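Going in written order, the chains are labelled A, B, C and D, and every chain counts its residues from 1.
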């Protein structure tokens, strides 16, 4: 399908000022597995991911996203994409092999909203606990919410229009949905897919270089209920309790990690192909688009970024 | 992601000897919408598909699959793929524009198992009933099982090995799973994906040029229950009642259309990317692989093809 | 089991000032069936109820509950209960046969919170659309949310303590859960069951003689999602989107009928028997008790009654 | 509601010839908790039951049910029921206090099908792991299938008609459903409820004094899938994979304990009250009644008893 050579959101590095509590949260409540540690970082993966890590927690004085990285199909794709990114006008830096545990070489660049992105092909293979020979459908001993995988991130910034153009023209993403002002002049939010999912990354008008949330994938609506129960039992504040998105049709909850980075667990949605007919939401319906049942935004959702 | 330029199973043409009953079955029990009719054919689409049709029912003296077709990303991809198919040694014919309602030009070729395949890019756009502007997540007035879309087909043939090589090497599919003989010498079944789903097409050792089943996609395990209830109410025989596959992890039922073509409705499964680590099943575990709960094949599943 | 001779909430009569819109709402959005009409009233039943009606809509200048009625096992039970109610100090009136369509004789009394209750045994039998001979599990042609049945009501009043004593001592209900003040002195809410469900009626501290909500029973958590989708599509405001109660463990949403009576659709919960060990919630945890995921009450939930 | 003074199936004692394996199975695969042991018996309860035990495993040379017991509301009910049982013509024996761990006095009698039943009121209270003060909806650390509670048993015998009369007339059960021969002369199966569930005990024509299955209650259809996955992972043979019953509408699977006693896990079903209109199935539809999707009995279901 999508021939852009970009597979998926492969990893996200999140800054944590309450480091020990955050490690406990991501392992015992979210239920990721630790696959590595170095001086300032802990590396984790969801059970259904086979690469070495998808989440890196980094000791820091503040919350936020250090960078987000997409895995590409092969080194040819990496080179081709590097060229296109430079053509678009972004400066690309090489990140050398083993800068972080398990990682090969990557390229690094800053997009128009000020976020740092990386593209990479090489990362150590770890595999899944169910194995590759006559596997069971899910492993014994799952802990906490235990999502299948890192799914997407929503980022904020001022120039959503140019950023969208960057992702669709330079990187070959599909714009699945967009929110526009009533007069059609302004692009308020943009949902971008490099796979069959509703969004691998999305952008919303807001402060530059900020993270709105990082989303993990669950299997079904009952898992969304179970995740909510687990969060509540552990006294993690749930910002948005179980509901459906209009945009992506997905079923969802939002909550925060101990340092204040917003998390989502998510399921459902439609199938995206390169001929997906972009869906438009007008600004007056943004409440319904984001929260289909409440049909209005809540205050924190529009104002809290990390 | 997968840069092969092939998007999805776009359509399947099924032969029907009990034509009026079959049209009634696919519209009122499966719940597809009729989008066209010509002398010998009725064209249908699932509600969540935007192209003109995904299923063509054809008047015939026998059951079976006339052909199955994949939609490609653009005409460049079509040309490139045509070249690779010929290089692999298959003869390619051009199918001219409007051979069937709503369709543009296609290429047609026979794969090593004797099945007729087509690749195409052009097909009339119809859209979905929820529309593209501030849409609801699902439309009013759904009938019957109302799957989201055509999902995959399982075909039978003798030379699964060469066919797999054709799909992986010439067409760039990912082999997600395979069943091999105990000694590892023989490839008994092969699951092939050009998207993020567990299989867009699959092959199992058996009579050449036959259809094992065509699968449609449902949203969740409760929809599988509802589909079973609808079939039973309509006295459609359910060959395999609700269960999970080991292979693909999907949740499923099997049943037959009025002419004896096997249908499946299906949900769940994992996310496939081009680096998906192929899963191997050994022949002694094929029962568990196909029907995870019963852990053995039933007689008809292994012997009935159309 | 519970030998008090009271079966269930049999009916509730709701005042409606926007009558035509309310009839449309209860038939097409909630999905009840109209079984009768007289000058000022429309009579409805849920598909899975066999008695003539469970909901009566009454033309009125205001919203609210006219009365709520429990069906008793037989006329002996009715007489015995009448005696106990009088012994408790409530005045009992006889409601004569055919005061309302399909109804036999009833007894009527006002409980300490000022609500009008009735007990009755006779009501016309209508049956369910699936019939009593080799039935299908659910009928064709369900409309809207289509709950199985009327489930319970939450009423407000000042003297929750005496009212609880009335229901447990005079009527033989089981108190399944209670909310008490921190010092244990005050009874803030009381959940009362005459069946196996978590509550057939409940009381919460608040204005006398008011209705907080009437609840209908759904089959599962996916039906709660579907109900929310249906309400949103029809632009019915959802006050509380899908969540779990701590109290009763049930899964729920709250919303309003066109005249402002709060509705709930509800599923899940535990099994109650006469030896059910009453669960206590302390006032500081009432937020978690009512909304297990949000862990706090919202403003309207505590202040809006009809 | 049902004023017969009988609450529920309180316990079942199952004979086990593979004792250690059976204890492991009921604790780790079914997921019951051990609450006591004596020389020949292990006592267990489901997490959501508050009495000392609901299942007793007994060392034996053969499989089968030693007895099944119903909990009654109080000692008055016990005396009243004893009298009615004797009036019906069954001999009643007193079982003395502490005959088994945690149990008070009981009465014991043999019903027309030859099964031993007990009625009791006193049993030690243990409570549930979520407690009675501000409880979470489910406990941490659930193992295996972890049903909520013992639900019902299906027993076989010759004289289903007299046994039904015994349960409805002497014990005050409601007959919810029945299967009759085409000519209406013979009662082939009878479903009997003393609560709001579709059946607390049921009888089917077959060998006297035998157990067909014992059923445990699950929360929903996804839990039925999870239970099936757990059984398959543990290589427990699943006789009937996930499906719906026509009778009771419940969702179900059947499988065997290590000694060959059939188990069911079960969810769903309708609400029963004393005015429930009995549903009739004719023998020609018994397949659909038992297995709504397959619409025919399988061989073992009709022939294997313990």
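Annotations for the structure displayed:
Keep this in mind: contacts are C-beta pairs under 8 Å (C-beta built on N, C-alpha and C of every residue); 3 or more make two chains touch, one makes a residue touch a chain.
All of these numbers come straight from a predicted model, not from anything done at the bench.
Among the remaining chains, C is positioned farthest from chain B, on the basis of C-alpha centroids.
Here the repeat of B-C among B-D, A-B or A-D is A-D, since over half of its contact pairs match by residue number. Across C-D and A-D, the chain pair carrying more C-beta contacts is C-D.
Look at where the CA atoms of chain A average out and do the same for chain C: the two points lie 43 Å apart. Inter-chain spacing, taken between the CA centroids of chain C and chain D, is 31 Å. For the pair chain A and chain D, the distance between mean C-alpha positions equals 48 Å. Contacts with at least two other chains are made by residues 136-138, 220-222, 229, 232, 244, 288, 292 of chain A. Touching chain D in their complex are the following residues of chain C: 1-8, 48, 50-51, 71, 73, 77, 125, 127, 132-138, 148-149, 194-197, 217, 219-221, 244, 246, 249, 268, 270-271, 273-275, 277-282, 285, 288-289, 292. Put simply, chain D touches chain B in their complex at residues 221-222, 225, 228-229, 231-232, 235, 237-238, 241-244, 251, 253, 288, 291-295.
Across the complex, chain D is touched by residues 136-138, 140, 220, 222, 229, 232-233 of chain A.
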